[in-house]
Each structure stands twice: as C-alpha cells, then as structure tokens.
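By written order: A, B, C and D. Residues from 1 in each chain.
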Amino acid sequence: MNSTVSGPVRLAMVGGGQGAFIGAVHRAAARLDGAWQLVAGAFSRDPDNCRQTGAELGLDPARCYASWEDLLVGEARMAPDQRAECVAVVTPNHLHFPIARAALEAGFHVMSDKPATRTLEEAEQLSEIVSRGQCLYGLTHTYLGYPMVAEARNLVASGKLGTVRKVYVEYLQGWLSGAAEAQGSKQAKWRTDPARSGAGGAIGDIGTHAFTLAEWVSGQSVVSLAAQLNTFVEGRLVDDDAAALLRFDGGASGVLVSSQVCTGEENGLQIRVYGDRGGLHWKQMDPEVLLYRSADGQARILRAGVDQPLGQLALSRCRTPSGHPQGYIEAFANLYRDFAAAIRAGEQRTAQRVPGIGMGLRGMQFVDGMIDSHAGNGRWVNIQQEDKQ
Amino acid sequence: MNSTVSGPVRLAMVGGGQGAFIGAVHRAAARLDGAWQLVAGAFSRDPDNCRQTGAELGLDPARCYASWEDLLVGEARMAPDQRAECVAVVTPNHLHFPIARAALEAGFHVMSDKPATRTLEEAEQLSEIVSRGQCLYGLTHTYLGYPMVAEARNLVASGKLGTVRKVYVEYLQGWLSGAAEAQGSKQAKWRTDPARSGAGGAIGDIGTHAFTLAEWVSGQSVVSLAAQLNTFVEGRLVDDDAAALLRFDGGASGVLVSSQVCTGEENGLQIRVYGDRGGLHWKQMDPEVLLYRSADGQARILRAGVDQPLGQLALSRCRTPSGHPQGYIEAFANLYRDFAAAIRAGEQRTAQRVPGIGMGLRGMQFVDGMIDSHAGNGRWVNIQQEDKQ
Amino acid sequence: MNSTVSGPVRLAMVGGGQGAFIGAVHRAAARLDGAWQLVAGAFSRDPDNCRQTGAELGLDPARCYASWEDLLVGEARMAPDQRAECVAVVTPNHLHFPIARAALEAGFHVMSDKPATRTLEEAEQLSEIVSRGQCLYGLTHTYLGYPMVAEARNLVASGKLGTVRKVYVEYLQGWLSGAAEAQGSKQAKWRTDPARSGAGGAIGDIGTHAFTLAEWVSGQSVVSLAAQLNTFVEGRLVDDDAAALLRFDGGASGVLVSSQVCTGEENGLQIRVYGDRGGLHWKQMDPEVLLYRSADGQARILRAGVDQPLGQLALSRCRTPSGHPQGYIEAFANLYRDFAAAIRAGEQRTAQRVPGIGMGLRGMQFVDGMIDSHAGNGRWVNIQQEDKQ
Amino acid sequence: MNSTVSGPVRLAMVGGGQGAFIGAVHRAAARLDGAWQLVAGAFSRDPDNCRQTGAELGLDPARCYASWEDLLVGEARMAPDQRAECVAVVTPNHLHFPIARAALEAGFHVMSDKPATRTLEEAEQLSEIVSRGQCLYGLTHTYLGYPMVAEARNLVASGKLGTVRKVYVEYLQGWLSGAAEAQGSKQAKWRTDPARSGAGGAIGDIGTHAFTLAEWVSGQSVVSLAAQLNTFVEGRLVDDDAAALLRFDGGASGVLVSSQVCTGEENGLQIRVYGDRGGLHWKQMDPEVLLYRSADGQARILRAGVDQPLGQLALSRCRTPSGHPQGYIEAFANLYRDFAAAIRAGEQRTAQRVPGIGMGLRGMQFVDGMIDSHAGNGRWVNIQQEDKQ
C-alpha cells in the first residue's frame, strides 16, 4: 500500500446513508481527532440517498458511487495521493465479508463494523486473506475503546486481581421486546433476518460484544460453553435472548448473558471479573468509572481522565481531565485514531491497538458454538482457539 | 398447641451462643416489635457459653438448658401459660431437622433458620410432619421480609410486567475467597463441612436464598436447571461457586448465580425480572429502592415507606416514612412479627405471610438438582414441584 | 438516682400515643438490644388513646397515667427496683422543657426528642438544671447514631482530611410543600404552630439536625452565621425553608440548607466536609456508605459492618457484617443502647456517647441566630459557644 | 458579513497552542459534526509553538500567524470564499475582550470561551459592540449544551415543576486545593492571576458556569445576592472558594456554591430546582440522567437519547440512542454546531441556541456583585438585569 506519510487518512465509506445509525457514528468518530478525511462513499443502493448523503457531507459528487464495487474500482484509479486509503464497512452484516475481501484485495485498508462476517466460514476465509496481505484490518468492537475497559484489562494483567476465577458479562437491551421488525423498524428488520444478519440474532448483534469484552479484559480465552437460546417474540427467525456458562483456558469460569427483550433496558453492557486477590466492575452506561475491590476490603473508584493514575493505554484514550465525561463516540474515536496511527506507522495486517480479524473470528466461533450447544440441548461445546501460539 | 390469646409469644432458642452470628439477629428481630419474649434457651453445647449467654439475656438460669433435648422436655413440663410456645432453631444446618422434628412433635411452633434441613430426604420428612400436625413451621428466608421484595412480587402479580420472560438472580459474596475455614473462622468451618452444612456449599448457604427469591418474586416455579459448580479454594469439600440456567413453569427462562469467592463482594443479592411490558430490579444492599421500567421508556424509582403508594403486603412491612432507611434486621423482624401474629391468630401448619416448609423443600430440591446436573456435566435436570395443586 | 445494677433499664414514656410517629420509633429503638423495658406511660392527653396504647404495649393499666405530672408522681412512689428509671419525652416541642425539668428534678434520667426545648431561654435553664443534678440527660439527635457518621467524625479527628476548610450540610424534605397543616396532618399542625414548635419551623425541626451533624463531624463550632429564611406556603406561621452561610471556630466556612418545601425530597440529610488533604461525603438515605477522597485522587468507599476496618465508636454501632444494611431504627437504637449503658455505668449528667444538653443548647442558639440574622436582613450573627473551655 | 451559503464554516483560532487545555476541546467540538473547518490560527505568542500546533493540525503555514492582530489582518485580506468567517477565542481571560472586539469590528463572527471579558466594564462595551454590528457572538458556556440541561429548562418552562421556589447550584472542584500555581501549573498560574483572570478567581472560572446554569434552567434572573468569598491557599491573590444566597425575580430563592479547594472533587457541577409541583436534579458528571420528582411521590429517571420522549431542543442535542453515553465534548459540539447553523442561516448578533453576550454580561455582573457583597461583609447586593424588556 502506497501511503502518503502524513496528514489525515483518506476514508471511503460503504453504507451509512440516511436512515442508518452506525454510519453516522463512524463518521463522527473519524472526525473527532482530525486523523481522517472522508473522501468517497457508496452510502446506499438508493442513488438519491447516496447522492444526498454525499452532498451533505461535502463530498465530490463524482466520488459518491452507485455501489461498493464501483467505489473500489473508482478509487483505485485515482492518483495515489488522492484516492481513499481505507474503506469503512458499515452495511448490514451479510455484506461485511464480500466488501472487506474485495477492498483488501484491491489494496485498501478496511475498518469494518462488527461482526466481521455473517458466517464462521467467511470469518476463516477473511482471516486467511488478512494474513496473506499487507493491508490493515480493523473491527469496531467499540466497547474496547473505552479508557476504563483498557484499565480493567490492565488491572488484570498487572496481577491486581490475582488469578482470575470468575467472569460475569452481560449485555441487556429491551428494544426488541416487541415485534419491532413487523412495525417498520429498518434496524430491527435486517437484524432479525438470518439472510442479512447471520444465524445468530442477539448473540451476533450484542453477544459478540460481550464475548469479546470478556476475553479481552480477563486475558483468558473461552474454551467451551453451554448455552440456552430463546426466541420470545413470535414469528422471529433468530434468537432474541441467550445465556451461557463459560469455561476459560486460564481456569476461570463465567456466565455470559445477552438479550434484546429485557424491557426497559437501554444498552446494558457490563462486566465483572473476580480473582483471588480482587474484583472489578465496569458498566458501559457509566463508562468513566471502574470499581476495584481488593481482598482487604478496600473498594476504590477509579476514574477516567488525563490527570488520573492509569495505565498507558487507558491514559492514551482519555482526552479530558476526570470529571469531564467522555462516552460512546469517544470510545469509537479511540479505535479510529489508533487505526489511523497504525496506517501512518506502516503497521501491517493488524493494528496493534485495534480489534482485528482475530477477534472477528473468535466472535463467529462464539456464535457458532452457542447455536451448536443450544441444538444439543445445552451440552458443553468446545470453541477453543486453535492457534494461540 | 395451647396458646395464650394475647401478649408476646414466648420463645425458646436453640443455638445462638457467643461466637455465633445469626442467633443475635434472630433475637433482635424478635424484640423489635415487642411481639416476642425470649424465655428459654439452649444456646450452646458448651455449658459456660450457654449459661453466660442466658445471663446476658436476663433469662432464668433454670431455663438455660444444657441441650435442645433438655429444653424440649423442660419447657413441656412448665405450665401452659409459662412455657415456651415456639422454638427458634439457629444452629448449624445438620441440626435443623432433628430439632424441628422433635419440637413440632412436642407441640412447639418452630421458627427455623434456613436451609430447612441438611438433605432433601429430611426436607420431605419434615414436610410430612408439618402437614400432619397443628403447629406452625416458619423458615427465615430473610430477604423475603423486605418491603420492596414484597412490592416486586406485587408488581409481577398485578401484571405490570406483562408475561414474565427473564429472571436473573444472583448472590455474590467474597468472604470465602481464601481458605477461611483453615484460618479459624468458626462460621466458615461448619459451612464448608458437608457433615454439618449438607452436600451443597455456596448453593445451600446462599444459593437457596437466590432460588427462593426468584420463585417468590416471579410467581413461577423452576422446572429444570443446568448447572456448573466450582470449588476454587483448594482442599474445600463443598462448592464455593455456582451458576445455573433455569427454565420456569410459566415459560420464563433465567440465570442463577451464587458464589462466595467473588473477592470484595459483601452480601450481593439482587434480582431482575423482565416481562413483555416491563422490568424490575431490586438489590439487597440498597433494599429500599425498587427500579421499575415500563415498555414506554419510563424508569421509575419506587421506594419503601409508610407514606408510599405500595401494595398491602409491602406497606405492612414498612415502619417509617420513606427516606428513613430500614434494613436487614427489619426484614428479619417482619417475618418474626408475622409469625407471631399467625400464632396468635391460630393459623395452622403454615403462617400465611412467612416462608414455610414448602419453600424449605423447594430449596433442597434446588440443591439436589444443582448437584445432579453438575455430576451430569451440566445436563438439564428436572426439579419440578410435584404437588402444586 | 438509685439504680439497680443490672438488667434492662426501666423506661416511662410521655407522648407517643396512636397517631404519633416518633414515639413508636423510640420504643422500637429501646427494644432492639434488650437494654430497656417500657414500664409506664402517659401516651396521650386523650385517656382512651393512652389506655389503648398501653394495652397494646402490654403495660399494667395502673401505670398508664392520665398526664405526665401523674406519671412522675406515680412512678416516684413505687419501690426503687420497680419504678421507672428514665423518662422518654416524645411530645410536641413545647412540652419538652417542662417535662424534662420536672423529671430531672424528680430524680429520673431523661431521654428527650429534639429540640431540647422550645426557646433558647428554656435551653439555658435546662442546661443549668442538668449541670446541678446527678441525672443523665440524653437528646435523640438520631443521625449521630449512625456508624458512618461516627466514622466521618473519626476521619476528621484522625487528620485524614487535614485542616477542615469547608462544611456543606443540607437537610431537604418536601412534605410541607403544600399546606399539609390545613389538610388535617397532625404532624404538620403542631410543627407549624409556633406555640408548640417554637419560633423556628424547618430550622427547628430539621435544621437543628443539620447543624448538630455539621459541628459533630467537623469537630469545629459555628462562630457566626448569615441566614435567609423563607415561608413559601401562604398562611404558614413559621419558616419552611432556610439557608445560611457559616463560619467555624477552626477556620472552616460552610453552608447549611434546610427546607421542607423541596417537592419530592424525602429525608435528604447529607454532609460533605473538605480539608486540605481530603474530603468526605455521607448521605442519610444511603447511610452505610462513607465516601472518602484523598488529595492523591483516590476515592474510596468505606462501608459499615462489624467486619470492616473502622474506628472504635463506628464499630460499636454496627450489629451485622457489611452488606447487611442497617438503618434509621438501628441508629436510634445505638443512642438508646449507649444511654442505657451510661445509666448502668453510673455516668452523671451527660452520657459520654449520647448527645446531651450541650448539643440541645447549641441547637437553640442556632435557631435563635438564624431568626436574628434573618431579621437583620442576613447580617452575620454571632452564636459563639461561650464556655467551650 | 459576506458568507458562503453552504459547506463547513471556516474557523480561525486564537490561543490553544501546546500546553493549553481548552483549545483542543474547542477544535474537537468543532470537528465532531463536520460543520467547521479550521483554516487559520494564532495559537501561541511562542512562534515555535504556534507553527508546530498549526503543522499538527495540517494548516497552511502561511495562515499560522504570529499574533492575533496579524491573524485578523491576514485573514481579512483573503478572498471572501477563502478567509476565516469566525474567530474562536480560547486565550486566558484578559485577552477575550480585545480580541473579540477587534474581530467583530473586522467583520468576523466570534466564538469565545468564557468569561466574556475580564471586567464588567469590558462586558458592557462588548455588549454595545455586538448590538451595533451584524456579526454573531457566541460564548461557550459548555454545560448549557448538554441535552438534559435543555430538558431541565424545558421541564421548568412547561410547568412540570409549578412555581419555582428553590434553586441550588454548585460547582465543586479540588484541583486548587494546594498551591498549584506555585508548582508549575500553567493553568493554575493564569487563573489565579487577577491581571489575566479578572478580579474573580473561582467565581469567575467556575462560578459563572453555575450562575448561568441556574438562570437558564430556572427561567428566572437573579435579583440580588449575599456572598462569602474565601482564599484558603496562602498567597493566592483571588478567591478560591465562594458561597452565596440568591434571590430571583420570579420569587425563588437559592444557594450558589463554587469552590476549587474541595479536595478530591473533579468537576462537580450540579443543579437542583424545586417548585410547588415537582423537583429536578442534574449532575454534570452523570449528564445523561435527569431526575424528576413530582409532588405525588413519583421519582422518574429521564435519560438522553434520540429515542427518548424529550423536548425539541434536548432531542436536537442527542446523537445516539439512550444508553450510548454522550459527554462533555458532545455538549461543547452542540454549541459549535448550533453556532455554525446560525451563521449559515444568516442570524445576526445572537445565535438563538447559543449563549451570547447577554449571558456574558450577566456573568460579569455576578462576579462584580459577589465581590461587592463580600467587601460589604455579605450584605445583599443588587445585580438586577436592567433591560430585560
């Protein structure tokens, strides 16, 4: 990849037209630190939507493409110092794989929304493609971008919790408590359609976030799981609720819960980790706080902020002194900023500080394992990582 | 049972000598509303401890008995208007059954600490005994005595949550995170000794509380469960950690977690219930608050207090206006007060507002089911209530 | 005072008949630890109410007196080992003084609800009477009975906060936001009637609690204050809202707020104290928690419990391990227990661990100062303690 | 002012070089929504700092000016469709006035950090200048940019609280608890230097935020105040702590507290407002939540989010569904976005949704009033708005 050595990284976006949610978040995240410049887009299959979105974003109409295929071709033809360097993939899940594959093969870095792919097989293929190439692949597991999640990982890694024994992770939402997909919600429609979303419903949409958070914070990999999936809303084609018992390779055990029918819950992701020397608790809806309890009975409130005594990664993810709250968009922006830095630093395949295809693959192993276990009436299913070497 | 018609109920206590914890709580609970009078005790096998405890409590030395057997005999001999009417059983678990059985058969009401017995077989026998006799049997599942737990049950029963789909209940403690039983803790010693505690460790000690809470609040019975038990502390003879997936008879599914190795946790019992119309959340460590969320996005903070718009049972369990916190001892006292009232009202076998042998039996079915499922590598085990008619 | 050397202290109560609030709390508090025995009462001027209250409490009808005057006479006539040793005064404010005076002069210890008297002059007289006699005088400034208030005082006293600079104390309620006194509330009626309540409304009823808390925790005395009083509800004869700036003798400055028209507030008493080395925060409605922040950015959650590393006084005021919440009644009971212990220990005039007439006098100096300052359009008024030597 | 009709607004920044805090926040806020383009800067008197800051921001070196005077001259010379349209003033306080005045007179819109000026006289002059001209003047009272602050104002305005009686506002920080200005903190140095900061210390720096918040949310203006100022850190030339009693023109009374010596406090801005029908509570450190209590005892948790039933202004200031936290930078960005929209809409003098010189003037009246009152030993000082018509 022939990159210019400095300046904002030039970004093309696929998806994210009017009516979408996550595309606008990606754009805000990319803007926040001035490390990216949006130069092109294929925002929608609907040409009007695409054109109008591009116009609102101040893009050259010539670079608002009718399809992602056109975008890849069109951008590849441009001068190296003009063309997009990276493609952001913010479409429904089933398109993540074909677009990411094509973009990587055409020499573009890829920043993809999660899950990485619709199926485990695709994830394996994509992993292969990434490992063969030079381009960087990033996956926006947003919640790993929060400073206090980095600090949680740091507490565990530095031994403050001792040997980790328990991991409780949960992601509770309520917005699919009714049949939103039958009531005109575009978001609900594709997320409950296996052809676009994948075989997993809630487990793919939010369970993968919980799973990734559990592995990243605990520093342990899940070896096996025993699951129960439910579909509470009649006529729904995918799970809308799940729970699983977990066993980790470092000896910990855990419980993972993900549900989109917990009426009244908003975006209730939280994790608790306990070792023989201490415990920690982090909640996404109160993201600047990390509660740390040690065996001697001390409970401490650790807080995000550039002025706080935090680990290096957490600190690098703060922009303001403590007490000036940062949130979801900043967490997202942290991943974008680190991805831009990795591109400029000439890193290859995996940006060191950004979730990559490895996590994408794990996520799909998790989804597959959950479905397998459920089909086997909750039997323990192995989802061990094969190549942790 | 020949009761006097009014005045405080005369109580004899077995267990609760110096060095014990729960006996003192029972006594404070019994005192709080003036509905009980402690008249006799067999507080300890150690005669000095027994005598001294009795003296501190201002008891007639002649009624401080060397053993519970002596107590039953001695009290039975006294004049009907003098002798103890009820026996409080606050010993380690293995003695609950023989004492309760003998007391009931000798014509005393029984207020027993939980679990009801050490084994399921004993619980079944005790259930038989209670159902054959006239005396009342109460079980101090303390947490059911909190006003806002009653209100939680009321919200569900009154349809405010719609059809219940999910029940998450957890009870996390950290005090057995190290080998406390090897370091001189009397409490830890008997609780981790199967001969005294029963086959379940954490699941018996605190898991039964969580289980009972889940069934009582949700108004549904657990049909089957799939469990994982762990013993994290080396050399420990019982589980110190457990998790289970649950299926309820009303169609709900759930997760139950109980652990005594969650370092830094104090007495972390909490329950969340979600239906298709709303959800609720109650935490024992913030017991005056019940969070209620409805499907229309309203989150309301319901609070305990004699001046609050609560259901009848919840209200009867408040003593102060809202904002004047009540806690653990008051919850306990609510059960004692209601038990005294049931005795004075001439109720038989089961006091209407106090947990009874039915819950005790369910608790032991739960413990047995957990152990069975774990032995079967987490297979689903049926613990259906046979006689819900 | 000729006391028996052991056993529960015999208590007579004046006030606290049906329809009253605080009398029942005093009785529950007295019962909780078994250190008191209620033996007599003049619960109401209404003979039926008095008799019925006594009957419900199981008292000898002969010791349910028609008036407090009768009570003092009647009890004084009884045998020394039978008669009441202490009189609890739980009437409206204007009767506190005459009853306490007469009781003390008749050789009874007195446990009085606050404020000590209706006027400053009475408080000065009562202080004289106490200092001349042998009997103990206790004042139920309930909130000083909470363990974590004792710990707050301990943190300050032990230097953990450094030199105290700021004290923010507030007591917000909402129950007098409307004209409750015109709508049949007995509680509201006497509290807003200067003849019964004293010249202060909210400042007497709850402001004195806040003031006392501020002085006791900070370890400093208020030298002067500048106040604004308000009466928001039309036709009300006393203040229902107040705020004051404070100067303390140790160099601290502060703000005190007390209001009964903060619609929706329940019993919102809280205190924050800041020194050059740290700060603390305690809230009555979450009484088991004390938040401590040190200058190095550490925020720690200190919690009540017999198993917690607390100061000696705080520890003595815990009955349960942390996580088993104690509340308002236990705080109250701590004062009663300590007062009983002081009686049994033969302490004189002032029980060491119980608020006494000194605090009562300070409270009335505060009320007078507030009214003076307000009359002077908020000028600074000196309320310095004269005899702190 | 000759503006282009669409596209991002071109921004020049004065101040905000390396070592500054707020400049970077302004830039991030301006970037977030793509509504601004930074085109020029005079970031520092130190030419190296200025050049390097500009280079990092990707600016044309020719537009990195040695002084703000040069910037105004240089930009004015550029073609209308190239030159900066707006000047952001992010210097220490004493420069706000001369820069804003010159910029406005040169035909630039101005977005100024607060306080508007160093003295009340300057604020009056600036008000005159703004009212005579065509350019827009915006003042970044950040906290007014939070969605739930807008909702708080909306609740009051829509009558949900009834007649407002009480306003409690406080802003507590701890970072000046020690002599930071003597220990090399650049931030502390100018903020405690009256020549650069103005006569007010904490009252100017953060008290003005609290004051503005109180007036904006309550919908009432402060008529008079009675203040106490303190300087706790030896040698400090300005107040580091203050408290004031307030009277509002709508009949409310209030308390304002601002302190920078509350050890351990981070950025503790909060407001509570009570009317005869309800109360509200908002905390900056938990900014997505607005607690609303009505007289009927209902306590409701209102939350930010595009999917929430909020007023129109609050909604327009949300970017994400509820549960995806937004914070300080988003609040700031809301003001920048609204200011850009006002410029593009051709609004004049005052952007409708952005704090303007009116608030700036009020802020300086507040500072002056506080100092006057303190000098008069806390006497009530009138700060009534003269021209509210």
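Quick note on the criterion: a contact is a pair of C-beta atoms (placed from the backbone, for glycine too) under 8 Å apart; a residue touches a chain by one contact, two chains touch by 3 or more.
On a predicted model such as this, the values are computed, not experimentally measured, just so you know.
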### Query
Is the C-beta contact count larger for A-C or for C-D?
C-D
### Message
Farthest chain from chain A, going by mean C-alpha coordinates, please.
### Response
C
#### Entry: Centroid distance [mean C-alpha coordinates] between chain C and chain B, Å
35
## Note on the structure
Cα centroid separation, chain A vs chain C, in Å, comes to 56
### Query
In whole angstrom, how far does the Cα centroid of chain C sit from the Cα centroid of chain D?
44
### Query
Mind pulling the chain B residues that touch 2 or more other chains?
265, 297, 299, 303, 322
### Query
Hey, which residues of chain A end up touching chain C in the complex?
297-301, 303, 307-309, 322
### Message
Could you list, by residue number, the parts of chain A that touch chain D in their complex?
### Response
7-8, 21, 24-25, 27-28, 31-34, 57-58, 173, 175, 265-268, 284-288, 303, 305, 307, 319-330
### Query
Which part of chain C faces chain D closely enough to touch in the complex?
161-162, 165-166, 168, 170, 174, 177-178, 226, 228, 230, 232, 241, 243, 245, 253, 255, 257, 259, 261-265, 272, 274-279, 293-295, 297, 299, 377-380
